[in-house]
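Naming follows writing order (A, B and C), and every chain is counted from residue 1.
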Amino acid sequence: MTRLERNERLIRLSLLMIALSAISVLVIITLFIFEQGTPIMFKYGLKSFLLGRDWYPSEKSFGLFPMIIGSLMVTFGALIIGVPLGLASAIFLAEFSHRRLARVLKPVIELLAGIPSVVYGFIGLMFLVPLIREKLGGPGLSVLAASIILGIMILPTVISIAIDSIRAVPDSFREGSLALGATRWQTVRMVVLPAARSGIIAGIILGMGRAVGETMAVIMIAGNAADIPGSILDPVRTLTANIALEMAYASGEHREALFATGVILFVIIMILNTIANITAARQRKR
Amino acid sequence: MKQVAIRVENLSHFYGNHQSLKKINLEIYRNEILGIIGPAKSGKSTFLACLNRLNDLIPGSRVEGRILVDGEDIYSPEVDVVALRRKLGIVFATPVPLPLTIYENIVYGVRLLGRNNRKELDWIVEDSLEKAGLWNEVKDRLHTSALKLSGGQQQRLCIARVLALKPEYIMLDEPTSGLDPISTMKIEDSLRTLKKDYTIILVTNNTKQAARVADRTAFFLMGELVEIDETPVVFTRPADKRTEDYLLGRFG
Amino acid sequence: MRTSPKVEQKFIQVVLYAFTSIAIITLIFILAVIFKNGIPQLSLEFLTRNPADMGREGGILSTIVATISLTFIALLVATPLGVGTAIYLTEYTVESRVTRIIRFGAECLAGIPSIIFGLFGFILFVNKLGFGWSILSGGLTLAFMVLPTIIRTSEEAIKAVPHAYRLVSFSLGSTRWQSVTRVVLPSALPGIVTGVILSIGRSIGETAVVIFTAGSALRMPTSLFSSSRTMAVHFYILAKEGVSMPKAYGTAAVLVISILIINIVTYYLMEKYIRRKS
């Protein structure tokens, strides 16, 4: 074997080591979370864990149901706010506005995607929470506040991906429809949107993932009461907030319960990712 | 005087389960231009890739038989594959200039060898571009991007790039298939000149090109070597009916 | 009675325009508030002096240093690991079920909420390995958080390099590593750098992970093992505890401006990348 070939072998081995290290780190993180979190779930029974309504760690009561509902409500609310606004903006910018406007605005929107969540939470705390408290009642720290702020947070993601998906639809589709006498809106509604559907859905799911995983903004404006909210004006605690709020001082079984919360979050995200991947693959196949 | 430069013995090639070359036997003489013609998927490009072992890079690629270049079996384990590829340079159908300047494209292979002496590289660039017939057109813009050249110029650049490594053999895989007639003519002229110092293997799907340029012509069909002979013989008195049918355009 | 298509379209256009305005105005509003209240706070003093009196006075120098240190460590670890892995996966292996699983895993992990990484970092680095709340713990945890993203963006950038380039390189007598360093990486570099820079932006804004691994001590970090507060954490504490609104706005302004600059740089790099391709 020549010296060059021996060097190549060495390089290949080194790269393999690097890849294995990186991958094993990620695997270890996953396994660690599951290893710490699953035993307690079965110790107290999966059903009582997922459906129990009382979260009193000091009394060994670990019911995550309020937090699961909390995450779901807040995420769902974020979608109700973010998807119509985001989709409408995307359609407007991609199909109905001057091309220069879209060309300027899209990068601006993407820049805004980098604003830290604590900033969003802060603005929500300063402006939205008092507004809700005065005009609608309740403490202000509420499902509504969290939904609105999260909805705004996912706007850049949804808009950006939706615009890309719409732009990816070939012009020939549009030309064919217009040639048959359809208006621009009819073309968008009946031809472009169905064609872009997979990409748009993937973008929405991505936004949903971001909403589910959001921690800091939620802690600042959702109230963090570990009860099932009776209305959207009531405070709420999400799974992520649950972990963040108690991690610093939890020990023993309490800590394990927090890991279990992490496991559930993990599973939810994995499901969302799988769905996103499948729909994205379907878009690519077209 | 007809020295055998390459001897191919019972060469078969497989991509996984699919056999692309079936027991090829032929000889290539030094300083000749061997034309290889045949319809698509006949194994012509695969044959070239076997000669410089570029096929090794394709997973599932397998070779049976022997190829002797200058008497040496190129598939034996001690062979320096990297040196082999320098010895048998290849020019592909679509010109692929690297995203570098014209100068850097030509000296790319030379730099791989660790030779970075500026004077030496300057000389190599001029020499190779002259031989490829491109020097006059680009001598004032050697340090501009190679991507700005026209298709014909890019292909001649690729030829110069191969020449910079001082190969012994130049293999060209349908080099003029996308080019205009003038560029084609320029390249064919270069080949006639280069023949003096190199052994040239020219795969072409344009039979008339083979007739113009090649000393001998080989006809490949579906992985088999149907016949190989002096070009005039193949074109006027083909030994095999299939050759005749192909040349007359009855299929292709 | 069905409205005529033209009337319908006019109506829809108004609706779309309204929604778009709401969305854009809201996003701009957030920026505007931060800048209006925060930029007046920005002065040389603000940026070069340490916080005093729990942050009510002084500047944010120590937090800037902490932020930079943490981000630097995170990228020092994650970039070679991530790019090396991407190179190995794309150049040295064949596409197979194993690589597909690895890719899916990396994509999943890229979407895992940061709080889970914080949990992991807290248990492993702060406790089990005994690093305590420190720049080291924070930096390493952030490194793992951005690792999947760097692997994914690097892989995409490397895959986008035309296969023909590699073929040409090999045919001119290069080894695989030579083709990687002389042709593939230079072509993929803008894409790779974009991914790294975006990870910088993410690290700077990250709060949950940092609080639980680097702590929130309000002092200038003196070593890798010092606990220290980053800008994002400082902002969070100032805001949540109501310590000082003006200082909070100022910190937020610095944060947002830094991230905006980073994103703008990334954007221009991508433009250059796309222009070079065509």
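Just so we're on the same page, a residue touches a chain if its C-beta (ideal position, glycine included) is under 8 Å from a C-beta of that chain, and two chains touch if they have at least 3 such contacts.
These figures come from a predicted structure and were not determined experimentally.
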Task: Chains most often in contact, by C-beta pairs - done: A-C
Open item on the list: Among all chains, whose Cα centre is located farthest from the one for chain C?
Closed with: B
- [ ] Pick the chain whose C-alpha centre of mass, unweighted, sits closest to the average of all protein C-alpha coordinates shown.
- [x] C
TODO: Measure off the straight-line distance from the CA centroid of chain A to the CA centroid of chain C, and report it in whole Å.
DONE: 16
Open item on the list: Averaging over Cα atoms per chain, report the distance between chain B and chain C in Å.
Closed with: 48
TODO: Find the geometric centre of each of chain A and chain B from their Cα atoms only, then give the gap between the two centres in Å, rounded to an integer.
DONE: 54
Open item on the list: Going by the contact rule already set, what residues in chain A reach two or more other chains?
Closed with: 4
Open item on the list: Residues of chain B that contact two or more other chains, please.
Closed with: 82
Open item on the list: Counting only residues that touch at least two other chains, what does the list for chain C look like?
Closed with: 175
- [ ] Would you tell me which residues of chain A are touching chain C in their complex?
- [x] 4-5, 7-8, 11-12, 15-16, 18-19, 21-23, 25-27, 29-30, 32-33, 36, 84-86, 88-89, 91-93, 96-97, 105, 107, 109-123, 125-127, 152, 155-156, 159, 182-186, 206, 209, 212-216, 220, 240, 243-244, 247-248, 258-259, 262, 265-266, 269-270, 272-273, 277
Open item on the list: Quick check: in the complex, which residue numbers of chain C touch chain A?
Closed with: 5-6, 8-9, 12-13, 15-17, 19-20, 22-24, 26-27, 30-31, 33-34, 80-82, 84-85, 87-89, 92, 102, 104-109, 111-120, 122-124, 144, 147-148, 151, 175-177, 198, 201-202, 204-208, 212, 232, 235-236, 239-240, 248, 252, 255-256, 259-260, 262-264, 267
Task: Complex interface listing, chain B residues touching chain C - done: 52, 54, 57, 59, 82-83, 85-86, 89-90, 92, 94, 96, 98-99, 108-109, 111-113, 158, 161-162, 165
TODO: Provide the residue numbers of chain C that touch chain B in the complex, in ascending order.
DONE: 94, 162, 164-165, 167-175, 178, 182-183, 186-187, 276
